[in-house]
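A, B, C and D label the chains in the order they appear, each numbered from 1.
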Amino acid sequence: MLNEIAFLLCAALTLAGAVAAMMLRNLVHCALCAAGAFAGLAAIYLQLDAEFVGFAQLLIYVGAIAILIVFTVLLTRGAEIQPGAASSASSWWKGVPVGALVLACLIWSIMASPSLVRLPSPNVHAPVKQIGEQLMNQFVMPLETIGLLLTAALLGAVVIGLREPRTSEPNS
Amino acid sequence: MNGFGIIKGMIETARNFVGSYHDAQRLTTVQYPEQKLPPVENARTIPFLVFDGDDAMAGLRCTACVICEKECPPQCIYIVKDQVKKPDYVGKMQMQPKVFDIDISVCMSCGICVEVCPFDAIKMDQVFELSTGDRFGKLLLDKHQLAKPNDYFVKIHKTEASEIDVRREEDKRKAEAAAAAKAAAPKSPATPGAAK
Amino acid sequence: MTPSLNQYLVLSALLFGIGLAGALARRNAVLVLIGLELMLNAANLNFIAFWRFGPHPEKLMGLMFVLFSIAIAAGEAALGLALVIAIYRHRRTAQVDRFDSLKG
Amino acid sequence: MSGLDQIFVWIGHRAAGWFPASVQPLVSAVLAIAGVMAVFGTCFALTTLAERKVLGRMQNRFGPNRVGPYGLLQPLADAVKMLTKEDIVPFSADKTLHFLAPLVLTVPVWLAFAVLPFGRNMSAINLDAGILFFFAVGSASELAVFMAGWSSQNKYSLVGAMRAIAQMISYEVPLVLSVVPVLMLAGSLELNDIVAAQGTYTFGGLARWNVFTPWGLAGLILFLIAATAESNRSPFDLPEGESEIIAGFLTEYSGFKYALFFLGEYLGLFAVTGLAVTLFLGGWHAPFQWLEWVPSWFWFAAKFGALIFLFIWVRATLPRLRLDQLLNFSWRFLVPLSLINLLVAAAWYWTGAWKFPVVAPIRWLLCAALIALPYHWLGRALRGAMPPPRKYIYAE
């Protein structure tokens, strides 16, 4: 019962955050609501006994990605409500039906599948030590790849973000 | 070596920290309401009116010449002349102020009134605890509040006051001598001016 | 009673739907990225839920997937946002429907 | 020994014992929370006072000594002043975010205390991934600072918030990286395990704390520098540099909300200090074996107090950095050095297997050289990267 209530609270927080992040007009509000949604998801991970992933989610999504988004919003002057913002409401007809359609498909298949009504296996425990050992044995290849990927992403982001030196442009 | 400067700085602050507990030389702070530093002779805050003798209003040196009122840059002095004259220290009849007010919330302590006063009647004070709860009434000082005896002036500005006193003594003596000579010279009939 | 697998999956589907709708409907590039992140998170939630309710939770497969996916999401966000900023410098806008020509 | 040592644990058990068994976990959790909040709340009050007094003494002043004997009631006076002030919200401010920001800063910081072991058997919860939890809840403070700065609709607030975020992101990296060697050598993310790993004594009964190893010493210094920056303290107090941007992101805050920010910043400092004690200074262990009879929580408190004093001392000594110096210092000096420190920790681990006479000093010196040389070179490179000293034309 307590678990159920906790789940509903976290789910409500997540969904409310997600909806707000997609609907609000002020981009900073959107970014902060998205951070709220990410935090709600972290709580749900914790409830699912995935401590490590929950904390990692909090650390990376709330601590890093939300901040990055906020920074970008400020750097692109997105916080100001543009005059064209009203017209963006007119593009809801593109997004919402597609989203609703996909959602309906997913929900239908989830509900239709009888094998999914199952209870969790008892006493699941994911000790950090075991995660670490797995990362170093079975998943060492993906781990190295991720390391390489992140380094490449870091360098790429720096290169893209670098302001190119002002060269004299003849036609501008 | 990198970081060595930081360590040197930290040793310095640590020396202050320890030193301030056993070395009274380091703690130069004066615990104000209980302890006060003796004021320096040249310190000045607001003007006051000097008087001679015991009666403040009778001995006021001010002659209501309104030079200070005219010269005061922020115009904080307000003077009304009295009709009744009174003799000054050499016995000459002089005007006297009926009203002499200084708005010390406006006064900027420049001391120009002191510079221009030909009678050494207005001098700079050293009082500084002037705060009051009444912004409009209590900061407008009248001549009764401004009048302070010459002894006080001597106490706070010793050099200047003694110089002035010497000068005034001399003036007085000269005036007396002149009066005596005047009284002595024409032995004959009446000299109404000297009798007075 | 504890929540069942279905509930987690429905939550995840809702999140995915919201993210998809938002990413398609909103025109600001940053919001599109937030929508993408929400969809990614929905997938992560599925992984965790299936790991927790699956027959072999001690193998930590789902957890590993999510860990890697979070790492990739971080890289993706950094790169995506760097791109948004770079484009903003050229076009002075962050609206995706204005990024319609290849020529800078 | 164990009587006084475990007195708080015992009190907690007895108090929880009065309740029915079904709610006992809840009661003991509430008791732990109440204990932590009471102790660190008091600690906050005392630190604000101590900071002002110590700063005063270091500048040859008295510091506050008016309220109560020796100024001891000053925090009370401050609290009364803070709480009775008018709570001003700017007209154009984003009211919701302006209200939420102090809460978002303060609440997660309290959570961080949950995993710190304050004494033997004295941590509120034993989390498997304790360190990760600590850093995860700490990451919310950046968002809070941003919310405060942006919602105030004041350019000083916004500049302060941007500076704060740039600084926090830059220094979070060395902060976490300097912790990693400890985790590597202890083989656990759980703080109690890390304390236990430092619990043995070597020759002469000297404790085997991490700070007595080359990588531990370097790690502690790196950690403390990064922690100073993370908690926005001088000399890294650019976000609140009052001579430049008024009070940074705090400009538009007053009264209770300002007090909450103040509380949050100090609690953040306490949490990080507690973590430094736990990771590098042996947690609640005594420095010498013959001092083991002193209660464990006393040792924690003593080390904690010493580090807080160190922070105040540094604040009294060093002037504020410039923003480019700040970021260069992090990315060009602290981050590479903490990465090299990882290698040093690995070297320390592998040389632990060496077997020949007088191995201990050789091993120590080797590892110390491994970290000292990069320190020297990086420092010189950093100095080279800085603009040369300013030349004054007229003043000389």
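Heads up, the rule we're going with is that contacts are C-beta pairs under 8 Å (C-beta built on N, C-alpha and C of every residue); 3 or more make two chains touch, one makes a residue touch a chain.
Just so it is clear, the model here is predicted, and its values are computed rather than measured.
Asks: If you check the contacts of chain A and chain D, which chains show up for both?
Replies: none
Asks: Which chain's mean C-alpha position is nearest the mean C-alpha position of the whole protein set?
Replies: D
Asks: How many angstrom lie between the CA centroids of chain A and chain C, rounded to a whole number?
Replies: Computed value for the inter-centroid distance: 5 Å.
Asks: What is the distance in Å between the mean C-alpha positions of chain C and chain D?
Replies: 34
Asks: Measure off the straight-line distance from the CA centroid of chain B to the CA centroid of chain D, and report it in whole Å.
Replies: Distance between chain centres, rounded to whole Å: 58 Å.
Asks: Can you work out the whole-Å distance between the CA centroids of chain B and chain C?
Replies: One centre to the other, that is 80 Å.
Asks: Considering chain A alone, which of its residues make contact with at least two other chains?
Replies: In chain A, the residues touching two or more other chains are 52, 56, 64, 71.
Asks: Can the chain contact pattern be summarised as a line, a ring, a star, a complete graph, or none of these (other)?
Replies: Contact pattern: an open line, chains touching in sequence.
Asks: Any two chains that touch count here, so list every such pair.
Replies: A-C, A-D, B-D
Asks: Quick check: in the complex, which residue numbers of chain D touch chain B?
Replies: Listed in rising order, the residues of chain D that touch chain B are 54, 57-62, 313-314, 316-318, 375-376, 379-380, 383.
Asks: Which residues of chain B touch chain D once you look at their complex with the stated criterion?
Replies: Touching chain D from chain B are residues 1-3, 6, 9-10, 12-14, 16-17, 19-21, 26-29, 31.
Asks: Which residues, counting only chain A, touch chain C once they are in their complex?
Replies: Those in contact with chain C are residues 1, 3-4, 7, 11, 14-15, 18-19, 21-23, 27, 30-31, 34, 37-38, 41, 44-45, 48-50, 52-53, 56-57, 60-61, 64-65, 68-69, 71-73, 75-76, 78, 82, 84, 88, 91-92, 94-96, 98-100, 102-103, 106-107, 110-111, 116-121, 124, 126, 130-131, 134-135, 139, 142, 146, 149-150, 153-154, 156-158, 160-161, 163.
Asks: Can you list the residues on chain C that touch chain A in the complex?
Replies: On the chain C side, the touching residues are 1-11, 13-31, 33-35, 37-38, 41, 44-45, 48-49, 51-55, 57-58, 60, 63-64, 66-68, 70-79, 81-86, 88-89, 94-95.
Asks: Write out the stretch or stretches of chain D touching chain A in their complex.
Replies: Contacts found on chain D: 97, 127-129, 132-133, 135-140, 142-143, 146-147, 150, 162, 165, 169, 172, 187-190.
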